[in-house]
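You will see two complexes here that share chain A, one where it goes with chain B and one where it goes with chain C.
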Partner chain A sequence: MSYKIETRNVDLYYGDFHALKNVSMQITPKTVTALIGPSGCGKSTFLRLFNRMNDLIEGVKIKGDILIDNKDIYKIKTTEVDQLRRNTGMVFQKPNPFPKSIFENVAYGLRVNGIHDRKKIEEQVEKSLKQAALWEEVKDKLKKSAFEISGGQQQRLCIARALAVEPEVLLMDEPASALDPISTSKIEELIYELKNNFTILIVTHNMQQASRVSDFTGFFLLGDLVEFDKTKKIFTNPVKQQTENYITGRFG
Partner chain B sequence: MKRYLEYLIEWIIKGCGFISAFIVLMIVLFLFKEGISFLNSSPLEKNYGLFVSVNNPVRKLTDLQIKNIFDKKITNWSQLGWRNDSIRTIDINNIESIFTKEQLGTNYEYLSICINHYIDSIPGTLAFFSERLLSISSGTKEIEVDKISLWSFLSGEEWFPTAKPASIMGTLPLLLGTLIVSFFAILFALPLGLAASIYLAEIADERIRKILKPIIELLSGIPSVVYGFFGLVVIVPFLQRVFHLAVGETALAGSILLAIMALPTIITVSEDAIRTCPRAMKEASLALGASHWQTIWKVILPYASSGITAASILGIGRAIGETMAVLMVTGNAATIPHGLLQPVRTIPATIAAELGEAPYGGLHFKSLFALACMLFLITMLTNIIAERISAKRKLS
Partner chain C sequence: MLHLENEIQELRDKLLSMWDLVIKQLDKTEVSFKTFDRDLAMEIEETEKRVNAYELTIDRACEDFIALLQPVASDLRFVLSTLKINTNLERIADIACGIAEFISDTDEEVNADIISHMEADKMLYLSIEMVKDLREAYLLENTKLARTVYKRDKMLDELNDVASYKAIECLDKYPQQRRQTLHVLSIIRKLERVGDQSKNIAEEIIFYIDAKVVKHKKSDK
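Up next is the complex of A and B:
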């Protein structure tokens, strides 16, 4: 079977610090994969491999193969990086809307990718906001600043923004950690919906969240991928002792 | 014991705070008291008057008319609304060519008689004398002179505070000089400063930034007279050569110099504003496939826009208030500027140049205070706007 994303023996260094150690993982299309582990274990770093966000940090060295659709994304031309990032949407830990209107936030990705047809943009904005389950709440105030809506709405706006450019992969870096339980459950429902169209990777500190939303779970510890399997298996019958300790809350 | 010590320290700090606030307030009050007191006074020297025949129907003259009469630009009473008769001016400077020493008396004790007689016999006479020397007879009357009003002070197009017999105090040329020099200074400085701050904050790598930033900050520490010297020696001759001017000391020279002086402020403040843009926001833009430049242009700059505005207003404030350097390179002609390649005179330069010559407490002296008030109001306004804009940034 062909995987959407595949890493083979990936090592990553921040200067001298060995942040990812020989990580290999295969991700099936249209599934949700949760990445769990204590702070500083490398799960966010791992997530940021797939849209080459780690490139922005000075002194990063990456070894191994990282493939999306069987294409090594670290062997493409620098001009193709923008295209890669367009195909892999990202949602960040804290809601980070641009200082623009709600509409312009969602339209931004389209505009920077050279789409200027007003009608197309309007359609796409509406579609994305609907996908992010935000349309009903903001359809009357699209011209308002994105800072005027609540944190949970802002985060869904950020998801809509990422969806607008029609990526195939969605990277979510603790998307609900800054939100209240109600907003969190909305985001989780949303992830469940989005799974039908996107391949989703989600970093989370919340065990329940991982078990609720994901199909696969990877447990990271000190840069190692300790265990990677179906979520059900990881949470009910983990192979490694460390995994069990972590998910039962004995450390972390 | 410890509590008393803390109590004492608190009081000392409180006292220092009050004293400094009080001093600043007093300075402002003093400035305005001096500046406002000269409004509504006569532009003539104290105790002096203008005298004409009682038959002369002209009752009032403006400061400008008086100047033109004594400059021989107005020579006939018909120009002032009376009959066709030439104006004969008589004052302390030409009295001795009209009357002999004997006629006037050794201590001018017969001066009143002579003048009254002269006015009686030649109806077109306009006499300018001290009221102490002259007691007027029935054939003579004193002419009223328009008082200096706020409007004439602000809108008058000529600035001759030392003109005799009446000073002309129109500050429009000075205000326009200040505004034109500052406006073009900011026009030059803003694009350059903005480009430099974007470069420093976003493009330059850390090593280059660590060298460049202190150098730019160092620029703001150079005394303005040194800038002025540089302007005088480098910019002025350069402009003179390039534009084939008779004199290179022009508004343009001032603008260029002020632009250079405002650059460090603009660069450091807007660089700080640009750097406050959260990393996550930049990453969000890049993650959507935007290029670095698109991210700078469409996300970072809009985010930093209020900080950049504040930076440019601070730069304007510096440009408006700058004295020495401008004084040295703008040529100091108090005329309404009609272009960048003409000499102009700014408000601070006027104060600096004239305060030393103005008699203490006199009209000229007070008018300079009024100019200072004007300058104060302008810079206060720019500061308030800057405050407002940066406060708005904090809110969002």
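Up next is the complex of A and C:
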């Protein structure tokens, strides 16, 4: 079986701090993988491995193999990092639209990537907004500022912006934690739809969200990947006592 | 103690109270059957309303537990098994009530020889012991004890299988008491079902504690 993403014995240090310890994981294409664990356990650090965002932090040292489509993304040329980041879109906890119009937020990545054909950009913006389940709500106000729409809409706009450059992997770092239940539900529905075309990794503190949206779940604790299995197994009969304690709220 | 653990304890206590009530119903059934105490039989029928009320209370408590606390893993298995054990216990109480109805509807004392020949007394004893042991197994989370009911369920099945032949012998031996023989045969059929319900309860206890599904599997029992 060929995996979309694979890590083999990955260790990551922030200076002397050992943030990820010998983490190995295989991620199947077009699935949703939830990364759970208490704050500081390394799950966001793990997520940031795949678009090499950790590289931007001073003093970071990474060991082990990190592969996307069987290619070690830490052994590519510096010039290929941009391409890597195009292929791995990222959505953050707080919606962070650019101070531009709704249209321009989605079109931005396309222009940066050298696409200037107006018609092509319009088509791609519409497609991305539809994929992000936002088109119907904004199609009549595309020229308005992105800050004029609600937080939930802004987050879906950020997802549309990530989708516009047609990535294959979508990294989501607590994408719904700042949203109300209705917006959260929309994001979750969106994740369910998007997994038909994308491989998704989501960091979440919400156990119910992890169990609702993901196919696989990895539980991190103090930099260790304690358990990684099908979500159904993790939430019904986990193997490790530490996982059981965490998901049932008895961690302390 | 965590809020969740408090809720689990409350739900467990409710089910154990239900269990105690069902055991009392069975004990009274045994006494009324052996002594032909029709008043006691009527008391069992009357108490059946309390059992039904308990069942509804526990159903509601399980529904609330799932809706409000969104349990997972062992907590989820606990509430699912509690819900099913609750249903099984109510059915056992129904059976006790059905036996009591026979006693209160019969106008003459049942011939002791018919009862012992058909081994209805032995079946009643086995059934009650199974339900009592299962309560202990649930309370102590002891799956080994829960598994002991499988052997006794098999014994009940075997006694039920030969009951028809023994009934024919009784019909021949006591032609004036044919009605009594048929009543005892009906009671035996009901007791066999107590065995089935007990086996279901044992499976739920094993599912909750060991996370194993033994339903419809012979090798794991």
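Keep in mind that, in the parts below, the second predicted complex is superposed on the first by the 251 of 252 C-alpha atoms of A that agree within 3 Å, B and C clash if a C-alpha of one lies under 4 Å from a C-alpha of the other, contacts with A are read in each partner's own complex, and residues count from 1 in each chain.
Operating definition for what follows: contacts are C-beta pairs under 8 Å (C-beta built on N, C-alpha and C of every residue); 3 or more make two chains touch, one makes a residue touch a chain.
Computed from a prediction, not measured in an experiment: that's the story for all the values here.
Residue contacts after overlaying the shared chain place A:89 against chain B, while chain C stays out of touching range. Once the two structures are superposed, chain B and chain C can be ranked by residues of chain A touched, with B on top. By the touch criterion defined above, A:236 lies against chain C but remains apart from chain B after alignment on the C-alpha atoms of chain A.
Applying the stated contact rule after C-alpha superposition, one finds that A:99 touches chain B and leaves chain C untouched.
After overlaying the two complexes on the shared chain, residue contacts for A:109 are found with chain B alone; chain C is out of touch. Taken together, the chain A residues at the contact with chain C in this complex read 207-208, 211, 235-238, 244, 247-250.
Those residues of chain A that touch chain B in the complex are listed here as 51, 53, 56, 58, 82-83, 85-86, 88-90, 92-94, 96, 98-100, 108-109, 111-113, 145, 147, 158, 161-162, 165.
Those residues of chain C lying in contact with chain A across their complex are 2, 4, 70-77, 211.
Put simply, chain B touches chain A in their complex at residues 206, 278, 280-281, 283-291, 294, 298-299, 302-303, 396.
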